[in-house]
Structure formats: structure tokens, C-alpha cells
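Labels for the chains are A, B, C, D, E and F, by order of writing; each one numbers its residues from 1.
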Amino acid sequence: MLHVLLFFYFLVSSSHAAVQDFCVADLKAPQGPAGYSCKTPAKVTVDDFVYSGLGVAGNTSNFIKASINTAFADKFPGLNGLGLSMARVDLAPGGAIPMHSHPGASETLLVAKGSVIAAFVSSDNTVYSKTLKEGDIMVFPQGLLHFEVNTGRTPALIWVSFSSSNPGLQILSYALFRSSLPSELIEKTTFLDDDEVKRLKALLGGSG
Amino acid sequence: MLHVLLFFYFLVSSSHAAVQDFCVADLKAPQGPAGYSCKTPAKVTVDDFVYSGLGVAGNTSNFIKASINTAFADKFPGLNGLGLSMARVDLAPGGAIPMHSHPGASETLLVAKGSVIAAFVSSDNTVYSKTLKEGDIMVFPQGLLHFEVNTGRTPALIWVSFSSSNPGLQILSYALFRSSLPSELIEKTTFLDDDEVKRLKALLGGSG
Amino acid sequence: MLHVLLFFYFLVSSSHAAVQDFCVADLKAPQGPAGYSCKTPAKVTVDDFVYSGLGVAGNTSNFIKASINTAFADKFPGLNGLGLSMARVDLAPGGAIPMHSHPGASETLLVAKGSVIAAFVSSDNTVYSKTLKEGDIMVFPQGLLHFEVNTGRTPALIWVSFSSSNPGLQILSYALFRSSLPSELIEKTTFLDDDEVKRLKALLGGSG
Amino acid sequence: MLHVLLFFYFLVSSSHAAVQDFCVADLKAPQGPAGYSCKTPAKVTVDDFVYSGLGVAGNTSNFIKASINTAFADKFPGLNGLGLSMARVDLAPGGAIPMHSHPGASETLLVAKGSVIAAFVSSDNTVYSKTLKEGDIMVFPQGLLHFEVNTGRTPALIWVSFSSSNPGLQILSYALFRSSLPSELIEKTTFLDDDEVKRLKALLGGSG
Amino acid sequence: MLHVLLFFYFLVSSSHAAVQDFCVADLKAPQGPAGYSCKTPAKVTVDDFVYSGLGVAGNTSNFIKASINTAFADKFPGLNGLGLSMARVDLAPGGAIPMHSHPGASETLLVAKGSVIAAFVSSDNTVYSKTLKEGDIMVFPQGLLHFEVNTGRTPALIWVSFSSSNPGLQILSYALFRSSLPSELIEKTTFLDDDEVKRLKALLGGSG
Amino acid sequence: MLHVLLFFYFLVSSSHAAVQDFCVADLKAPQGPAGYSCKTPAKVTVDDFVYSGLGVAGNTSNFIKASINTAFADKFPGLNGLGLSMARVDLAPGGAIPMHSHPGASETLLVAKGSVIAAFVSSDNTVYSKTLKEGDIMVFPQGLLHFEVNTGRTPALIWVSFSSSNPGLQILSYALFRSSLPSELIEKTTFLDDDEVKRLKALLGGSG
């Protein structure tokens, strides 16, 4: 029995201090380019690795008849540094997730309920578009513009995964029309006309 | 109008050849450490980015009352090089995915239907275990042993995402008892006794 | 002297075969997620590491009074795998590089001649905009929308560097209006009105 | 001479502040996903880059007739962020390092003295096994189960290197039988029988 | 209008906290292997992404008739974590940047004015050398010795980009002769003779 | 029993094709920036993961009383893509490994026999030097100049590990004096005098 104890002593002592299988986000400590600082291992519990915030459908009683609910590292600290995150998308019939991109991640989209058109556009302006039914998965390569529209008669539920714990989310019409970009610069760099730019700024709340 | 054409000429000519937003797997060309070779862009279609093979429940009429169906880059070539893949897990009541690890990827697990116990064990032998209900997500850090068991009375459906397009899958009892590892070496390196090793080799089909 | 020769024999023989300081692109061999295949080292010359194609000003007699000329790995094979590439931007007075993003790279922009307004928009719709003069450098983080406009009275010359040998280039209005995206989907996902979408499709050559 | 001084002034001033050739671990500052925070460069000495803790044979008077002594970044701070670490394994005749894996690293194993059987098992349950003699090197790809057994009549000394400064170490029978995993779940997910699970829990100190 | 507000509420609330498109260096907080800690996003301004320090020619009235002025993350904090940095090189006629390497980055060199000979040496002692004229770009693969010499009759201006926000800069003759390396060790490991080592130590200010 | 077979069918069929736990180098197929192409898994044997070429002491009857023998991926194909390689260094009394750097890797050095002085120089010309005895480990950060000298009275044996399967090896005096660099350019960029450059070119076999 003494030998067993000695055995434990050696192996455990040598491996213990070096253990860092994960780096649960300490949301109050400094962040770096690779993510949040790590919570002290002694304070980590299973709840850091479980997130229940996507269990309920989002409210789609809005302009776009859609909702996005994210589970990125800022809400789900166990993801920090692991190169993964998720989101839940709910789309009422006719609902749409506006054209957007994720600056730092590729994405898989799984249609759990309903039927949607999903598409992305590549650098050479080719459109990759498909009507997806329940159980279908589509992948959007990193940084490219894409969107989803519920083309069915029932609500759609979509589960999204990202190749980063912090993928970013740039919504095209928000970047243009809900920001402080001056109308003149928008027009010059998108070829949109002045009336349309001003209409959308008024609609979406842009200044500038 | 001539100016417009000139404009197209310049921008398009300069960006066209350099486009490589993605690298759809050419399953017949050489693989490298970063993944499969890329299919010629001209032959890529939207179907390379869509996978429908996970839309149907797996057959759980088996020993473990469970099935795993993967969507890795070898089946879903659009994933190649994008750092993501997926799998579908079906668990009949009482079903279990055996203890396993993914040598090259972290994993998120989303319970779409039913209720499961999921757990992983860290390097210092701490168990992180939780009973998950519909809509819950759990994350398993890279390379650690983990499993899922359906503890409910109804079938469970789980969607799994990985931080690699080729995550690997090492099932513990298969590695030990369905391989050609000699019984003597298994016993010496796991402390299991000879009877048990031989029983499991017979059950699971090991040689050696 | 024999000793010297022996010395050479040992060190040179041991290091020679392992040398791979670079991986000059073989444009005809398979590509993978990490870039082009490597040219046989014996065929590599200094000319693979030198590119002269950006030495001449681009033609700005066009719609946007601008030109972009890229030096990505497809034209400058020595860059392959080294995480760098370049481009030259020429802007006549009033010229503009349209709103665009690089899906796979961050960018530095150096104003070599003239004066330009440059700006990018972040995920939370903040605009980072500045009038740059000769010698100023601005950095655009990966994947975010940005643009440059010559606000001076003289031609501007800009040198651009990317953190990838293959950064991609998605021009916003081309992705929307020079592609095959159906007008209805563009409108639904950008809130633009039908007249404007059709005007721009006609202008830029979109189908769909 | 003035020119020389001016020269020094320019080159040194421009390069000095940017120097960060290394990031010696500051074990008391926050950790992040990429490793420990860096010690202030001014406090770094050569001793941060040298480790003498593996110079003495480990005590093999134990249950497994073996010892592992690690030199990971927590003990050898100069390794931090450099993608390398080491360990020393001593095996008395008949000694064995139990079946284990490193979740975050590949490993090379060099037999410095003696003769050992080493093996790893791949995802498809293939066993790669070899009797190694003095001077032989074997490589274990990341995250796969492997072990070493001294099959000779003399003590064996093994030097191990890892592709991470923090590779982790999951010992299979510890994860199962020295943890708080409930016996029922172990049995369900490994197919081991109840008697054997309880015997090993008693032997190795498991709870649950 | 209420719907619009609700829409904003959902999308903005879900994406806001997770935004980390960039990690502007907080030069006073801890550094890690991946770079500086991030400045609080609320304090980031456009000036963090713009650097004007390279707009003026460096003083070349010195020993080497050359100056290097760097824009690494320590001076240009917006670069932190983005894998890019820059430098400006001024060379009077006959001026030279001494033989050096960047331990952590590849480099592109653009000749903006004048004419220079640039060269690097690979691991197998092959020299890749070229006389570059205005507008030419050369790339130096990571970690290899290289240099530039102004061979023209007019001052040369060179813009340099690196594949790291912190590339390092090891000047060969400084490492040898301006450091505390003992002469005996320099001689033994470079084959230089004692007189020459001592002459250069005196010239460049070495001790040891 | 049928159930067992079904079980095997499902799990094995789903995981089999996706398995790529390793990428053993196929030395005859194209290389890419991430390494060699992978050998067909069916042809991989344990011998691809074992290398015996470092078991014998190198010949130190030469100019530098030293030998280096490498185990990089070109000789030890199992290392390909795993971020590790090794080398054996033998040093007769008074022997020295000349000043050199590894452009693409950090290094650990373990003194297995004898006593050596090892040192590296950082970007700010600080020397990190130490006399190492048996069992000591030293780490050299990536890309920096370093060397080892046997200062004892007995042969020294050193085991070296690298953080890349293809680390490169640039020997300083070879790069300068055994290459085709013109004497004039060497002198201008190193401050060495003409006599010394010519003496070393004659000694080491340089042309140019």
C-alpha cells in the first residue's frame, strides 16, 4: 500500500500544477488577442461548461420577424480559447436574417425546424444559394456575406456554430445606415443614390 | 459606358485569379497536414457546401441503443480547411455514447430533444458532469475523455460541432478491446484483470 | 584539409534534405487549405521572390477613378505560405475604392502620395475614419468593411499590405448587384427598395 | 565617432521597445488561452531558460515501478509560448507508464537507456507498437492513447518532448477509477463489469 | 415603429457584448505569448489605428548612411494581434542596412524611391540577390539573414511590411560585437580571428 | 449478437473514412506550406513512427570536433505536421557547434553526457549564456543566434528537440563565407574587413 501511495505522490505531483486543459473566461480580467484571461482553475465548475440561454425561442415580433441569440465566450465562458461558439436563430414565416458576415469565423448552419433559403457570395461575386429543409447543414466560409430567409409557412429554428469563441457579427445595412458614416461617403463607395441612403438612415437610425 | 467597362476590367482582372475564399476537398487528390487538396474552383457548386446526410435519425437498435453519424470533411467537402465539422447523435432511452475523445478538436453538444447526462474528465481527474435538458449546450475541451447517456424516457437527439474539419474519434473500449493490443500489455497499463480483459476482447472483437 | 571536408560532409549532409525555408507556389500543382504546393527547390530562383508588377500606376480613367493592382501568391509565388501579400491602389482626384472587405486578412494602408479619407466600420457599427496624409499608415482589422476616397486635388498612391498571401477581396456592391442574387432576396436582407436594387443591377451588370 | 553614436542611437532606439523574442512565464499574473503572461523583460535572466530538475532519476519504488517528472511551463518558465516542453521517464525492470494521452500535444520519446515496448492506438483501433532500443525515437500523434513498458532487465531512461509548453496528461485508469465518476456510468460507457470497476476504484482511490 | 425598436433591441443586445473585432494594445497591462492585453473597447479611437511616425525621412548622417524606423505594436497599438507591422528604411547613396534577421516574421520590401541591392541567404547557403528598382517588391522568408544596400546615386526609400505585429530584429554584427559574448566563444563559433573580433568589439561597443 | 454487429457497423462506418490522426510524409508527393502530403493510411506502418538513425554517435574527427545528425520529417516521416523534430549533437572535448539559428522553430537542448556552454543572443543583443551539466535543459527561442561548446574533458552528447517538423538550420559562417555572397557586400553589411572575409571564404569554400 505504501507503494501505491508513493506512486500517487509522484504522478500526481508532477502533473498537477501543469494542468491547463481549458481556459474558462474570467470576464473581469484583461483580454488578449487569443481571448479572455483564464479563471482560476479551483473556481471552475461544470456550470462554466454548460449554457442554457439558447433553450427558449427568441421573440420574432419585430421588423425582420427574426431573432438571433448568441452563445459566444462573453456569455458562455467555457468556450474561451477553444475555437467554437454557437447561436440560435428563430425565423417566423417570411422572417429574414439580414445580409451579414463574421469577420473572424466560418459558420455551419443546421436547420432544426422549417425550411429556409440560405446563401453566401464569394469574392468573385458567385452566389451559392440553396433551399434547406429540416436536417440540412450548410457551411459559410469565413468573412463572406450571407443571409437566411424563412420561405416556409411555419417558424424555422436554426442552430449555428462558429469556428471561433468570438466570431464577430457585421450586419451590412447596420454598418452602412445605423452608423455615423456620412451619406456622401456611403454613396461614393456603394453607388447607392442619396434618397435611398437617407431613407435607410432614417429607418435604421444612422447619424453622420 | 466605356469607363464602366474599364472599371470592371481592372477590378475583376486583379482580384479574379487570387480568389480562394474556400478550399472544397478534392477527395481523390493528395492530403496534407492542413487537410485535403482543393477542388478546382470552377467545379465547385453550392452542393459542396450543403450536407443532407444528418437529416434522418440513426438506427439505435443495437448494443448501445445509440448511433453517431458524422459530417466531417470526408463526407461534407465544403468543410475542408474551415475548422468546423458536425455530427448527429441519436440515443434511445437508456442509450449511451461510450467513453471517447477527439484527439484533434474541442466539441460543443446541443441537446435538441430529450434529456442526457454528459460529462468529461480533466487531466487532474476532476469530473465535470451535468444532466442536460432540451436547448442546453455543453462544451468538451480538446482531447479529454467524455460520454453521453440518455437518462430520460424518450429518445434523445444531440447535435455536435467540432473545432476541426477532421476531429478524429477514439472510443476507449474499442482502442483497448477491439484492437490487437496484447492482453498482458492492456493489463499492465490499465490495472484491469485478465478475466475482464478477455471477456471484453471476446465481446468487442479484439485480437492480440 | 581533410578534416574540413569531413566537417562539410557531416553538417551539409545532415541539413540539406530537410531544408524548406520557403514554399514558392507551384501554380499548376494542387492547392490545399494552407496554400499552393511548393515548387521544387532546385527550380526556385530569386525571381520567384521579386515582383515588378506594381511599379507602374494603374489606369484610373474609369467609373471610380481608381485602380487596384494586387500582388497575391497567384502572381507573386514567393509569398506562398508566408502570411503576407501586397497591393497598389491609385486614386485620381475624387477617386474611390468602393466599400469592401478581405475575408481572410487584416490590412495596413500606407499613403505614399496625396491625401485620402479612409475608414472601417466595426461589428458594433462604430465608424473609425480619418483623413490621412502622406506617410500615414492605417490598419483595418480582418474581415471588416472599409474604403478609401481621394479627397485631395492630386492623384493619390497607396501601398497596401495583407496578413495573408491570399487575402480575398469582397466588393460590397459587386456582391449585391453584379452577382446573380435575386432582387427580392437583396431587398429582404438589406432593406433597399426595389427601384434602387434594379438601378444598380443594371449599372453594375447583375443578373438574377 | 559622432556618426557611430548617431547610428547606434537610431537603430537601437527604433528596435528596443519592440523586442519580444520570448515571453517568460510570470506564474503569478493572469493566464490566457495562449499561455502565461510574460515576465517583465528586465527581470528575465538566463536561469529562466535553463531547467535542472530532470537531472536526477525519479523514484521507481512504487506500484508501477516508474516515475514521470515533467518540465512544463509551470516549472520551466522560459518555455512559455514556445510550443515545446519535456519530461523524464524512469522505468525499473518491469515498470510501466500507464495508458494515457496528452490532450494538447504530440510527443517524441527517445530511449536513452534500456529497452522498452511503446505503442499508441489510432482512431480506427490500429495498434502501432514497437520494441525500442537505446537511441530509438518514436512519435505519438496528438491526443491518442499510448504507453511504455520496460521489457528489459535494466532500468530504462526515456526523454520525452511535447509540441506544447502545456501538453496536459490524462491517465486513463485515473480518469476512470481515481475520479468521482459513478460506477454505473463507467460501466455503461466502457462495458466493464461492476466488480472490476469497484475493485479498481478501491485500488486507485476513486469516489462517486 | 415599435417593431423596429424591438428588432434593434434583439440584434444589438445579442451582438454587442461579444464584439471583439480587434485588440488594441494596452501597453501598461500584462503581455502574453499572443501579444499585449487589449485596451478597453470604449477607450479605443481611430487614432489607435493610425500611425504618423513614418512620414518623415530618418537621419542618414551616420556610420551606415541609413536609418530604420519601426511601426511595431509597441508604437502603433492598433496592430496588436493582427499579424502585421511596418517599417521605413532610408538609405543615403552608399548606405546599407546591416545583415540581420527577424526571428518571428517574414518580410516584404517595397522600393519606393531609388535603387537597391537586396539579398537573403537560405539554410543551404544559397544567395537570392537582386538589384531592385522603384516599384519592385521582394519577399524575405521568416528568420533568414538578409540586407539592403543603396547602389544608386540618389537616396532610397523603402517600405517594409512584416507578418507579425512584433517581428523582432537581430542585427548580426551587433549580436556578435555589441554584446557581452566573450571573444573566445565568438572566435570558436564563427571562425573569425582574434584581431578582427577585437577590432569590431571596439568599433561597435561590445564587452565580454 | 446481431445488435452488437449492428453497433459495430454504425460506429465504425461513421468514423472510419474521416480518420486522420496523423499525416505520415509521402516524400514523393507534392509539399505545401504545412508540410509533406500524407502517405495513404493503408500503407502506414509502425516503422513510419520510429526512427533509429540517431542511435550511433556522429563522427567528430573534423574541423569543429562536432557532428549534428538530424531527425526531421524528411528522414522521419511520422513527424510530418506534428510540430516536432529532433537532432543528436556529439561534441568531442573542445568541440563546438558553430553560431546558427533555426528560422522556423524554437529548440530545447538536453545535455545527456558531459558539460557544455550554451548561449543565445536576443534582439537587444543581450547574451543568455550558461554552463550546462548532465541532465540540464536549455531553451532557445525561435530564430535567434545560438551555439554550444564542449568545455569538459569528455565527449558530450546532446539531444535537441524543435517545435517544427522542419525547423531549418542557418549556420552563420556558412551563410556568409560558404555562399556566393560577394566580399564587398559582406564587408559593407557586417563591418568585417576584406582580409578576414577572404580568409574565411578560402577556408570555408565560398565563391562570389
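Throughout what follows, a contact is a pair of C-beta atoms (placed from the backbone, for glycine too) under 8 Å apart; a residue touches a chain by one contact, two chains touch by 3 or more.
Model, not experiment: these values are computed from the prediction.
> Could you work out how many touching-chain steps separate chain D from chain F at minimum?
The distance in steps between these two chains is 1.
> Keeping to the contact definition above, tell me which chains border both chain B and chain D.
Under the touch definition, chain B and chain D have A, F as mutual neighbours.
> Counting only C-alpha atoms to place each centre, which chain is farthest from chain A?
Of all chains, F has its centre farthest from that of chain A.
> Which chain's mean C-alpha position is the greatest distance from chain E's?
Result for max centroid distance from chain E is chain B.
> If you list every residue number at the chain A and chain B contact, are more than half found on both copies (same) or fewer than half (different)?
Mostly the same residues form this interface, as more than half of the numbers used are common to both chains.
> When the CA atoms of chain B are placed over those of chain C, what is the turn angle between 0 and 180 degrees, to the nearest 5?
In short, 120 degrees.
> Distance between chain B and chain F based on Cα centroids, please, to the nearest Å.
Each chain's C-alpha centroid was found; their separation is 34 Å.
> Go ahead and note the Å separation of the Cα centroids belonging to chain B and chain E.
Centre separation, chain B to chain E: 41 Å.
> Where in chain A do residues touch two or more other chains at once?
15, 19, 21, 30-34, 103-104, 122-123, 129, 141-144, 168-169, 171, 174, 178, 203-204
> Could you list each pair of chains that touch one another?
Here the touching chain pairs work out to A-B, A-C, A-D, A-E, B-C, B-D, B-F, C-E, C-F, D-E, D-F, E-F.
> Looking at the complex, which residues from chain C come into contact with chain E?
Spelled out, the residues of chain C in touch with chain E are 12, 15-16, 19, 21-22, 45-47, 49-52, 54-56, 71, 76, 78-79, 82-86, 106-108, 110, 112, 120, 122-124, 128-130, 132-144, 159, 161-163.
> Which residues of chain D touch chain E in their complex?
Chain D reaches chain E through residues 3-4, 6-8, 10-11, 14-15, 17-21, 23, 26, 29-30, 32-38, 80-81.
> Where on chain F does chain E make contact in their complex?
That would be residues 96-99, 101-104, 117, 119, 121-123, 125-127, 129, 141-145, 147, 149, 168-181, 185-186, 188-193, 196, 199-200, 203-204, 208 of chain F.
> Show me the residue ranges of chain E that touch chain D in the complex, using the header's touch definition.
Interface residues on chain E, with respect to chain D: 30-34, 58-59, 61-64, 67-70, 72-75, 87, 103-104, 166-169, 171, 174, 203, 205.
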